Structures are given as structure tokens and as C-alpha cells.
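Note that subunit A is present in both complexes that follow, paired respectively with subunit B and with subunit C.
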Partner chain A sequence: MQACPNLIQSVSVKTIISFFGLILFTFGLCYLSFARTLPSLSPIQSMWSPDTAQIPQLLIHYSWLPRQFVALMAGAGLALAGVILQQVLRNPLAAPSTLGFSSGAMMALTLATIHAPWMLSFGREWVAMAGALGTGLIILALTKKRGFSPLTVILVGMFMTLYCSAVTAVLNVMDQKELWSVFLWGGGSLVQHDWQTFKQMSLPFLLSVVAAIVFVRPLSLIGLSDETAGSAGLNVNRTRMIAFLIAIFVTASIVSHVGVITFIGLAAPALLRIAGIHRFGQRLILAPIVGALLLWFVDLVVQNFGTFSGYAAPTGAVTGLFGAPIMIWLLLRTKSMFQPSVVDHGYVFRTQKPMLVAWVFFAILVLLVVIGLFLGKSQTGWVWGAQALEWRSPRVIAAWMAGALLGASGVIMQRMLRNPMASPELLGVNAGASIGMAIAILSGLGVSIVIQLGFAAVGAFGAMMFVITISRRSNYSPEKVILVGVALTSFVEGITLLMSASGDSRTLLLMSWLTGSTFRIDMTLALLSSGAAIVLLGAAFACTRMQQAVELGPAFIRNAGLNESKARLILLLLVAGMSATATIVVGPLSFVSLMAPHIARMLGVIRVHHQLLVSALIGGLLLVFGDWAGRTLFYPWQVTAPLFTCLVGGPMLIWFLMRREQHAR
Partner chain B sequence: MDTQQFTHPIADVPHTSFKAHQQQDSLIRNKSCIYQLKQVGVSIGEKEILSPVNLSLQPGRVYGLVGHNGSGKSTLLKVLSRTIAPTQGEVSLKGQAIETWKSRAFSQQVAYLPQYLPSANGLTARELLSMSRYAWHGMLGRKKASDKQAIDHAIALTGVADLLERQVDTLSGGERQRVWLTTLVAQQSGCLLLDEPTSALDVGHQLEVLQLIQTLGHDHGKCIVIIMHDINMAARYCDEIIALREGKMLLQAAPSEVMQPDVLQKIYGINMAVMHPEDHPPISFAKKL
Partner chain C sequence: MRVIIFLLFWASSLAFEAPASQVKPSAYPQRVVSLDFALAATLVEMGLPPVGIADKHGYERWAQEPALPDSVVDLGSMYEPNLELLESIQPDLILITPYQVHIKPFLEKIAPVVSMTTYQVAGDVIEKSVKNTRELGTILGREAQAEALITSTYQAMQDAKQVVEKYAFPSFLVMRVHDKQHVWVYGENSLFQSVMSRIGLQNAWTQKTNTWGFSSQGLPAVTRANQNKETFVVFLEPMPDEGVRSLNESPLWRLQPWMQEKRYITLPPVLQYGALPAARRLSHVFVEALQSKKEKM
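Moving on, here comes the complex of A and B:
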């Protein structure tokens, strides 16, 4: 179509000039870090044939130079994996970090450190590699029956991410000290001591690039739709499998060597889409270049300025910190944006009795609330009774309400953005709340829980306004909201990671809140949150018709007599309110809001009001159960409720996924 | 390039040459027109997609929007439905500037069927239809008996009763089109803007749907704008043909005026001939290139 703006039209000259300015700045930084390592102007040969007597020359050759190359290659590889995954899954949120490969590596390393330290003697990278590859292959094995269909892979991949992170977090809670090194590794450090890493990384990287180039035509076709690709003579399932294998392979080789770097895989392809590059072939070539430059830039900033109180920040942790502003700046500069094709649903399994499903879940929920209130554990064993009601009831109420809010807000978000990977955290609410909380704790101002939560609320509100302001220009179009959310979330992730990696003892407090906690809730807070929850859930049910109209797209919104941007804004504000309330009560967690809507859908609960109801019930029961199990099963440790929720809810989801398979075919 | 050559003679097409049309014309002037477009144009960047158009649309009439691919038909329809705002000129609906209408009031007046139908994400046809009355009952308003009646009536008119319990996305292309059309009929707006509503229909259903559209126009007094590729069908069922070529409006005329070889040739840019069978409206066809 002629109407599609090409690169030159959609990006102004000013933007291009600024972009080149940024590249120049990067080279400046590069020179600066070079000069810092090598003070005097030594002969340039020291880069490849250093004088072994001079330490600076050795540093340049064995540390500085490989670091630059590893940064470039890691950025390129992650971007390559990202662009392939986004193409195959037709989803702008797909990336190595959101589909579980990175978290798999992290979990494997954590497990090995605690339970089988001997494995580490083979080299940390092999353990991490096994974790990443293993996770990827499990995803493929679980989705094979459904022909690796995008939605299924996305669901299983997201589940893997959350699940592995939860396992890692649980292990962390029990074994804090030993895991400090793993935690640092998780931050993604590019520090090099020799050329070993570069050599080990380059073969897999080159193989992946070659494979991607060989498969560029099938991969371009598969971005359209399964039918089109199939009729063009493509074996759709096999192409998808090959694409996943390339992505898994390249990610595993990078993650195992440099640790978890999250932002690049998502951002590099996104930047190209923002710049208006439609053709997959071009994106496939350009994404690795953009990714390489982006990571290199971030790493150079870290090399030059990244030492905080004697401690060098891991690059991966701050990628979002420096990468996100670039993305937001570009987003502000584009008006029209290319939309990836929306998932076409076709036949959807539906239950005849959605209300029966709701009643069943309600019964389970009531049962769990009773158990949560009366069944506890002490040194002597299980105890049944009302003696601890005073302490338990606020927690149970708060968990219930927060779960219901998360479940319902996930439904609204996924429908509005027409993206099964969307969750309320994209509105930046969680991120903002975390920042607020971090400031409260680290500045010493947050002396009481009320003040801390106040800070969190202010942060949540600020972040939400930020996302809404930026996406207003494009009438809150799904694509833009998603990208702004991704950028902001990565930015804040960077800040919190940095804070927690700094080793400050107060960060333990922050960490406990970040992983979600119902420990410190009193009755006042519980009642306040229930009040807010009831109002917000009421509002959500009141505007089910609006949600349905918004999901059906612009023409339908108009036919329904709604103002498109106003309707979207109302829903965004509603989700933000729900998410903020839940975040303030139990901390930032995305599992429930991501998964509860899918569980409801898999049970055949399709219509908006039914899905809202069932998803809210599932969310509630997951958190109530998580809270109870977290404080009893691992007694005397307390595992936070959300973590446990994930450990329990995840397998439930997979089971439903497999079960639906039998129904559908 | 050769647009210049075409626009000129078209301006000379005498609007008053047909008596019947003249009579109708004076009749209409007394009625209030629904849409009034003054110098309405759309351009993206430098490129002009729709050159300034003057147009007035009356209630009770069916307008066929014809033209080659990319001639600006859909753009014009999107302007009318407020999907895109014109970059110049003004559109008024019932004498009031189109952008000043409140959303709900506007959709009580205008319903729009886009060319590409969205996925209904698991909804059955009946559920989809139940949402067609949003413009009337709003977010919280109770669904009244009149809402149910409107839907039942629309179902009876389009004959989709058999499809109601099926999921919309599993229907055949033609069935889907009819279900979506039913939602528009149930919306009971005074104006229907239809972007190729018959593209996926077999001949039998095309006739049925077009007959229905004609009934809605003539008996229910609706103003209907319909994009069509089949010029013969358009000539048979529309009261007026609006022809676009390369973003410019060529003419607005009665079908009998349009069904002339030279006029058709100007619209489509290929050699066309017209047959006049007995007991049947004229039929046009393309000659060899």
C-alpha cells in the first residue's frame, strides 16, 4: 500500500541527526574508556600485541578490547533472537527474556549453586547454558502438539519466565548469602578477563546469523498469517520450530556467558518498528546492528561512570536505565506506527455453564479462606483454631482483594490491548510503586508502613501519568501503550536492580516488598483495600459493554457511540487504579494478572463479565492459597504469597492448556 | 497524468439532461439533506488521497460509491464515519459540523461497516448482535423491549436466524458479512456506510442483501452509502452513483447516466461496452484490453 509511510517520511531529519549524534557520543565514550585504561598514548599495537611488561597494555588487550567485542556481540545476538521471536509469534512483547530462556538459565545456576556445587566446576556457563536450552526445549515440547501456535508458545513461555523466577526467588529467600554471586550474575556483567568468552560466543552467534539469513524468506512469510504462509508452500510448524531453535540457541550462548540482559531483545526490534521499517528482511539485518550499538552504548556508560561507591554496576541491570529513554524519545517522535497483525482466534472453546465455573471457584475460594484463617503450623505441627485470627484475617482479606483486583485488571488489559501478553504492569504502576517504595526505604523517610505505602502510591500515580501522557498522542493505541510500558518498566527495573545489587542492607526490606508480601498488613489497611477493591471491581463490571466494544476495534467503538480515545483512557485509568491498589497491598507482581485471565479462557469462559468474574475469583484464591501455603509449608521460613501463587498456579495453567487440547481437536 | 484529460469532459456531463432525474432533484431540494460536504479533502504528507469534494446526501436514497482500487472510496467513507478527520473542508451531518456531534448521538445517526471485519474473539452471533444497541442503551442503561425488538427485526430482515448460536469467527466469509451487517441494521441509525458489504457473498445472497439495503433506503428513509465493485449491481440497486477516480470525484449521477460506455470508460480507464437486454436494466462489461 502506498499509504504506508516509509522510513524517511516517518522519522524527521532532526531525529536522524540526533541519532548520529548519539553514535558519535558513543564513540566519544569509547575513546574515554580506552584512554582511562591506557593513560599514556601507547602504540596502538598494544590492542592486539601487548607488551607483557606493561600492565595497562595487558589490560587493554585482555580486558578492555574483549569487553567491547563481547558487548557488541551480545547485543547483536539478543536483538537477533528478539526480532525472530517477535516475527514468529507476531507479538511485540516477545523476547528471549519474556519467554523464559533467561530465567531458565538463572534458575539452573541457582539450583546448582545450592544443591550441586560440583556442577559448577565444569564452568558456570555450561550450567547456565543447560538451563536456558532446557527451558527452551521444554517450551517446545509442551507446545509441539499445537503446532507451536503463537498463543500457546507465548503462554507457556510467559509461564516459564514467571515460574523460573519464582523458584529462583524462593531459593533466594532460603539461602541468601550463598546466592549473592548468582544474583550479581543475574544482573548481566560484561567484565572480561581474557578472550575465552569471545571465542566461545562467536561460533554460536555466527551460526545463528547464518541460519537466520538462510531462513529469511520463510520467516518473512510466517509474519503474515498461518494460512497465507501455508498456501505459499511453507511448512508452518517446521519453520516456527527452526525459528525458535535459532532464538533459543543464540540466547543460551549469550546468557550463559554474560548473564541476564533483558531490555535489548525487546527494544532493538521495537526501535526499528517505531522507525517505520516494515520489511522483515531489513529488520533482521538492522536489529542486530541496533542491538549491538545499544548494548555497547550502555556498557560504555557503565565503563565510564558506572562505579557507585566502589562497586561496578552490572551492565544488564542498567540496560533499561539508559536504553529506555532512547526508546521513549523515539516514541515521542513518531505519529503513525506499523501495527503487527492481531492474533486471529478462529474457533474458541466455550463452556455452556460459565456461572457454574464461577460457583465452583467461589466454593474453593471460601474453603481456602477458612483454611487460611484457621489452619496454621507451629513447632509441634498443624494447629486448627481461631487463636491467631487477629493476625491472620487482615492478611487473608488483603490477599483475597488484591488477587481479585489483579485477576480482573488482567482481563481488561489483555482485551483492550488485544494482546495475551499484556498485563497491568505495562501501565508502569508497579514500576512507579517500586521506585516510590525504594526512595522511601533508602532515603530513610519511610519510617512507618503508612509513609512507605504513601510513597509507593505517589510513584504509581506518577508513572501512570507518564505512560498516559506519552501514549495520548496516538489515542492510546495498543502498540504504543505496550512500548511505552515496556520502556518504563525496564527503566525502573534497572533502578531497583542497581539498588539491590549495591549491597545496602536496607535493600533486603525493599526486596521483600518487591517479591510481594502480605506480612505487614494490619486490619486498617486490609479494610481500606477491600473498600477500594469493591469500588473498582464494581466499576469494572459496570463497563463490560465498553470493554467489549473497545476490543472489537475502532469501527465498532464508533458504532457503539463511544469516543475511542476517551473509552480507552477510562479503561486505562481503571486498570491503573486496580493495579495500584493491589501493588500497594501485596507488592508488584504480574503472575496473577497475566495468568488468571488465561485460565478462565481455557475453561471456556469467554464473555467479558463472566471472564472478569472467574478471573477475579481465580486471582483471589491463588493469592489466598499462596499466602497460607507460603507461611505454613516451608515453616519456619515464610515464602511470600505471590511466589507461592506462581509455584501453584503455573502447573495449573499448563494442565488446563494440555486439557483444552483434547477438547479442541 | 491523464486525469486532466478525464476531469474536463466530466464537468460537462449535463446533470439536467434527464427529465426524471431533474424532477427528483427538485423534490430532494425541499427535503433536508443528511450529509453536506464542502471542499472536503484528505492528504497524508504531500500525497493527496482525496481531492476536495462537494457532496450532499439525502435520506431515503442509496448511493453507490464506485471507482478503481485506490480511488479514494474507502477514504471518503472513513471521513463520513469520522474514522479519519479530513485535512481540509467541512462535513456537516444534519446541518451540524460532524466533529461537534457527541459520540453516542453520532452513532445513533451513523453506522459504519469497515471493509476488514475484526475478529470477534469467541463471541457467538447472538452475543455480537446484543452489543449492537450500545448507542441507544449506553454503558449502564437497561436493555429495553425496543432493543430486543430492533435486534429481532434485524435478524428477520437479514435472515441470519440459523447462524445465531455459532461463533462469528467460525462462519464463512459471506455468513460473517451478513452477521456484521445485521448488527448495523439493528443499530437503527439513519445513515448506513457500508464498505464492500457484498464482497464475499454469492449471487443469491448479493441480491438479497442489496434488496434489503434498497428497502432500508426507500421504505425506512435511511441514507445509505455503499462501496461496490460490481457496477451492474450498483446501477441496479442504487439511486445514484458517485464515481471517484484517482482521488477526485468524477460525477454524481443517476445510474442510467453512468451506464454509458464513455462514462464507464472514464471511471475505470478501460474500454467498456453496455448491452441493453429486454426486460432488464443495462449490463456493462469490459472489452479486451
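Moving on, here comes the complex of A and C:
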């Protein structure tokens, strides 16, 4: 093995010691949980041939032992998928959970539970697997024309995540009481009751490992760049497709059985990178081992200490919850681990009349505001009139303002990070607001809307300060900021999964806010948010030159006579402020900020101030329309504006993107 | 506590406006909206069905009894009811629980709002429900109907107790099965605990439960906590897939003593966050299921 000396050289002694320390600790925990299940020392054979009359022996054989194996294998498989995805997508944020496989599985389960319960009688895991595989294959089909280029795959993957979560959220809002079993699955529980799961997971897992080893050379080449891989005689597209298929296959087979377990697929490869292991071949072998140990460790902690006030916490949710601080801690210790992201908008068309586009959208927006205010539904059907202005006007104003803020902040964010998948929610501000809201609801302090929104605001600004403090060391370079955002988001996901899997009735309360809602807005709040929106949008237009310089790079920032880190800080603060205001008003679902800049770009609006304007208008009209449609289509139920926008806008955007590809060819 | 004080004030202000003896029935709220299933059921039993409730379809599925009149308007989501629609049906009283207290300012623009606490704090469900029922009776001027509901509920439990006493059952484990691994086991703070203790049945689940009266557990943990081989198991419908039969495919379920000796019963849907009407329904269906089980054994 030539790899071994390399490996030992590249890893520090401290890393090796802490690794073995962790292993020892894990084995200690393992013994503890074994001893708890089997109080008196019985013959060791009870592990594989239990006395069926002895309940403790049954538990060891049918529950404890398979659980340890399933934990190890699930961790290994998710890490394998993560390391492969990060390699082919050349992006440290790519992971099974960020590409929408788990969300697809969750959506399929939710749909089946409500509309086709008979499907579940074949076994829940098959429905979930169909969902995960289906999502993965849709991503592949949609990105095929572009040769599965990394950015397109990530973009479409993010869309799928958002989209599937939105569909699930709508179903949750409408049929909440039926879905506790889906929530339990979503929590990511490793509880076992026989060897079935282990058996069903083993074959796909082994097949994927073998496939990954067979393709190790093409896979390590493709991590460099398409040109290098191509000149080495590699069929880039086919290699990518095979890599995706392996990752999708192994993820689907795990997720379908044990539910949503985030973070492992992201963290195991990241840990190796931090430990200084850069060769793909080594990472491919080591990542599954690290992933297995990580998940096993978390699960053992859960098995031993995870039951509080009569509730056994699911492992997946706990992983998300405790993964976040560890991730942030690791981030603080590392200097740099990412290559700069790639500029690849791929929009070639450029309009000659950007202001005309702006006026058209303004006209549509005014029309939609009027419809939103005057056209509504009653028990007897459609009604036109001013009778419900009292209820509708705050909602319409709030939707408009929040939409404008989201649209504009998306432009700044995408330009600053030079990444078309960047959206302000990556800053973690939304996540901070959600944490604040969760605390308000769980502590029982949130007895009024003002107090609840106050908590959300404190959370949002707390997260903002946190992110800014952390990124000061790296001169506010956006790459680290994003990872903090991802960590905070996974923390929020952990909270909601933990709450929902416990059957906590307040979950539905929190969810109704998380899916974004204009319900809580009264006139005072609507006017306040308008004021904030005008100030922030004004600031955004005032510093378009700075945005342009930051997008073009350090040399241009200096040329423009600006201080590099100061310019970045100002833009970060601006985006955070916009995002925080919008989140407080319409909740943390910010799909609009991803979508509006793209529509503007697609219509050929290129220059910063034009794109800001058009994107703000589009954002506003999307949310105003979403608010109106969400209120009327499912009457008397109300689907929230951001949710509805995502539901309808998602496929539209994908369709646009795909059509553009066809024209380009 | 604040709710009680508020109610006292409210009730006393009513009394000031017109002494109860002289008041015409129309002075009391006639068009009541309930954003809570348990309070809606209580209203029906008191002879004043609500004019609108949140999530009507959900009520029909999960509470079943007492049936709502067809004219009841569906107001949509429990946490974000349709305010335009709510205003258009012109209620004169809106009943909520503390989980909806944050939307109270909006509701108060439409009609007076009363918030009643049952499952939002720990405690004996029936005691809390009796108190709520009496308060509702005062607010609606239907004290007699409220007392009748309380009496009939206690009577139902008393009847059930007399039947059950003959059999001398050991303990019961009440669970809702979500899938083959996960169950909710009901104990302290639940409707089931409250009714079972009054009809003389012992609950085998003595560990902690949440405010809503259950504990979300994996099957292995439940097995480990309860190794009493005499225990009866009560499955609550709706069951996943094909019910108890599908559980038999799994060895850990199959080898449970209660499964092997078929010491289990299944109960039809009873509103798990219910009040007195649900308690009465539970004592009926529980005894019926036990009787038919005993006949077969």
C-alpha cells in the first residue's frame, strides 16, 4: 500500500490521538447501552440465539444488536454518498440532504399516507425509496442537457429540496393529524425490531462500495476539472452520471429505512479535509469509516442519555442538533478549505430595454395588488369588493414589501458570492429567526404576536452578529459565512424534527410559522415593515457600484477606492438586514430570493441597478400573487404566500431553465 | 390562572348587566365558534352546536361523536383560521385554547374570545373538563345542560366500573401504533388515564408522559419498561396498514407475551384531546371491547 505512508504524513499526531480517543469512548458507551438492556450477565449466545421466553434476551437479539449494525452501516453509506457527491460536484456543501433525496422521500411518504394509504401496506420503506430515487432521477433528467455540470446539478438539487419540502408543508398544514407517523420517520430513528432493515440495507450498501472502488480513478480525475479529466481520456458526462447514480442509490436505500439523517454525509468528508487528507482515494475509503463511527457515536449517546421526560429522541434529529455546533467549532479552527466558487450563470441574452421590463412588471404588480385587495372568496363563491380590506390590506402590503426585500437581497447575495445558488437564507439569519420563534413557542413566553416576532427578531439579529463575528477573521469572505448558515439551518431542522417526532402539539404552531405566513401581520406591522423596506432598498440602490466591484474581485474593489473587507461587511450587513426584515414579516421561507434574480437575469436584465429593481418588483409580485392565490384556491384553508410561490414557481423556473438550454444549443 | 380571572370578570360583568334570573335566553351568546374540537363537542352536547369550527373534516374523522350538524361552517386551519370567513358568519363568541392565544387580537376584532385550558397544562383531564363545562354553562346560560352532561359522563363511567369489576383485570397498556417501531403510550395527563382510573382499570405505563398525556417511544423501550406478563394491551384506531395483523410479521412484536396470548383489544377512534363527551364515549367503547374479548376468551 503506497497510500499508507502518505496518509500518515498528512495527518497530525493530535488528530490521530483524538480519533482513537473517540473510538475508545464510543466503545464505552456501547458497553453501557448493552448492560442497560441486559441487566444480568446472560450467556453471550443470547446475542444470536436468544431464549424467546426471556424478554431481555429478545431485546438484545432483535433490537439492540441490529441497531448497532444499522447505525454503522447508515453512517458509512451516507458518508460514502457525501464524499462522492462532493467530489463530482466540487462543492463542499453537496450532500445527500442538500440535494433533496431525503425531502423527496418525505414528500412521497406524506403523499402516500394521505392519499394512498394502501401503498404503505407494501412497506413504508418502498414508498420512501421511490420518493428518493425519483427525486434523484428527476435531477439527473433535468441536468442531462448540460452534461450534469456541477452548478446546474446543485441548483436543481436545491430546487428539489425546497420544492419537496414545500409540498410536504402544504400537506402538513391541511392534514396535520394524520402525519405523526411520517414525522416519526422524519426524525431519523434507528430503533430496530428485527434484522429486516439490516438485511435490506446491506446489499445496496455493498454494491455501492464495490462500484465506488471500481470507479475510483475516473472519480478522482473528475474532481480536478472537466478539462483535465477530458484530456486524460475520460468521458466526463458518463462518469458524473455513474457517480450520481451510486450516490442516489446508496442514499435512497438508507434514508428509506431510517429516515432523515442530515449532517453525516456533509461532515464526514469535511472532517477528513480538515484533517488534511486530500487524496480522493484515501477519502473514499476513510469517509465511510468516519461516517459510521460518527453516527454510531451519536446513536449511542442517544441510546444512553436520549430519553428525557418520557420521550426517546430520534437519532437523526439529534445529529442535526449537535452537528451544528461541532461544525461551527471546526470552521473556527480552519483557515481555508474551499476553492472559490465558479461564475456560471449561463445567461447569454441581454435586453436593450431593461427599464421597459421594469415598467411591465410594475404594471403587473399594481394589477395584482388590486386583485389581492378586492377579489376574494366567500361561502357562496367569488366576490369583488372592499368588504374585507381590513383583513387583506396588511397582508398585501406585507407580502409586497417582503417580496421586494427578498428579490433584491437575492441579487446582492448571488453577485457577492458569484454563485447562482446563493440565497440569503444561507447566511443563517432565517435560521436564527426560526430558533427565536421556537424558543418563544416552547418556553410558553410567546403569548402574543408581538412577543413572538420579537423573539424571531432577536434570533435573526443574534445569528447575524454571530455570522459577522465569525467571518471577520477571513475578511468577511463569503465561503465560511455560508457554512455557518448551513450549520444553523441544520440546527433548526433538528429542533423541528425533535419536536414533531415527540408528538408535541406545538409543532404545528411552529410549522405554521416556518412555512411562512402573512396571517400575523396587522396594519402597524405592515407599515413598520414598509418603512424598513424602503430604507434597506434605498441603501441597496445606493451601493450598486460597490456590489459590482465585489463581484468582479479584489483588484476591482481596490480600483474603486474601497476597502475590501469593509465593502464585504457592508454588503453582508445589508443582505442580513433585508433577510431579517423579510423573515420577521413572512417567515423564513425565502424561495423568492432564489427565483426573482434568475427571472430578471433570464429576461436579459444584466446591470446591477436594473437587476435589483426588476428583481425587487418580481419578488413583490410573486408574493402578492402567492398570498392571493393561497387565500382563495384552497378556500377556506389558506396556503401561505411563500409556500404557494414555491409550489408554483419551482416547476416554472425549472421549465424556463430547461427551455433556455434548448435555445442555447 | 389568567384565564380563570378573565372568566370570572366576564361572568360577573354579565351578571351585572342582567341578573341571571331575569335574563332572556337571547342575551347569551347564540352563535358560538369553536377553534378546538373538545370544546366543539361539549357545545354540541349542551344543545348549542357551534356555527363554525376549524378543520371540520378532521373533527369528523377523529372525534366522530357527537356528530356536528351539516350547517357547521369549516373555518380552515386551527392555527390560522380564515378570518374573512369567520367575520362573515357573525359569531357572538369564539372559543380557543391557549395555543391560539397569539391570534386573539385578530379574533377579538370579530367577537369576544374565551380561552379554555385542558391539554395545555398537566393535570387530570376530567377535572379540568368538568370545570370548563361548568364555565361554558355559565357563559352560555346553560347551567342545567352543563350539569346534565357532567352527570351523564360520571354515570357512564360508573356503569363501566360495575361491568369491569366483575372481571378483575390486571393492568393495561394503552398505545397508538405509528409504525412497527414506534408507539405513543398513554399515561398521566391523558384522557385515557383519567377515565381508566375512574372505572377501576390500572394503567401499566407509570413512567413520565408529556403534557398531552403520552410518551413517544420505540417498541423495545416499552417492552423493557413493562415486563409484566399479565398486561393487557389496548390498541387505538386508526392503526397503520392492516392493523394488528401486520405487526405479527415482526418477531419482537410476535414474541411479546400479550401478542402470543392474544391479550389485546382495539378501540375505535376516540378524540385523544377530548373533553367529557370523549370520556363518555371512551368508557362505552372500552367496556364493549372488554366484554366481547371476555366472551371469546
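Everything that follows uses one rule, which is that the second predicted complex is superposed on the first by the 609 of 665 C-alpha atoms of A that agree within 3 Å, B and C clash if a C-alpha of one lies under 4 Å from a C-alpha of the other, contacts with A are read in each partner's own complex, and residues count from 1 in each chain.
FYI, a contact is a pair of C-beta atoms (placed from the backbone, for glycine too) under 8 Å apart; a residue touches a chain by one contact, two chains touch by 3 or more.
None of the values given here were measured: they were computed from a predicted structure.
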item: Which of subunit B and subunit C A:548 touches, first, second, both or neither; value: first
item: Touched partner set for A:606, first subunit B, second subunit C, both or neither; value: first
item: Which of subunit B and subunit C A:378 touches, first, second, both or neither; value: second
item: Contacts of A:452 with subunit B and subunit C, given as first, second, both or neither; value: second
item: Touched subunit A residues, subunit B compared with subunit C; value: C
item: Touching partner for A:563 - first (subunit B), second (subunit C), both, neither; value: first
item: First, second, both or neither for A:538, with subunit B first and subunit C second; value: neither
item: Touched partner set for A:233, first subunit B, second subunit C, both or neither; value: neither
item: Where subunit A meets both subunit C and subunit B, residue numbers; value: none
item: Residues on subunit B engaged by subunit A in the complex (per definition of touch); value: 44-45, 47, 49, 70, 81-83, 103-108, 111-114, 118-123, 127, 131-132, 134-135, 138-140, 167, 169-170, 183-184, 187
item: Subunit A residues touching subunit B - in the complex, by the definition given at the top; value: 2-3, 5, 9, 342-348, 350, 415, 542-543, 545-546, 548-549, 551-556, 558-563, 566, 606-607
item: Touch list for subunit C against partner subunit A, complex; value: 58, 61-62, 73-85, 87-88, 98-99, 101-106, 109, 119, 178-182, 184, 187, 207-210, 212, 214-221, 223-224, 227, 240-242, 246, 250-253, 255, 273
item: Interfacial residue positions of subunit A with respect to subunit C in the complex; value: 37, 52, 55-56, 58-59, 62-64, 117, 120-121, 124, 173-175, 177, 180-181, 184-185, 189, 191-194, 196, 307, 309-312, 376, 378-379, 388, 390-392, 446-449, 451-452, 501-506, 508-509, 512, 517, 519-520, 522, 631, 635-638
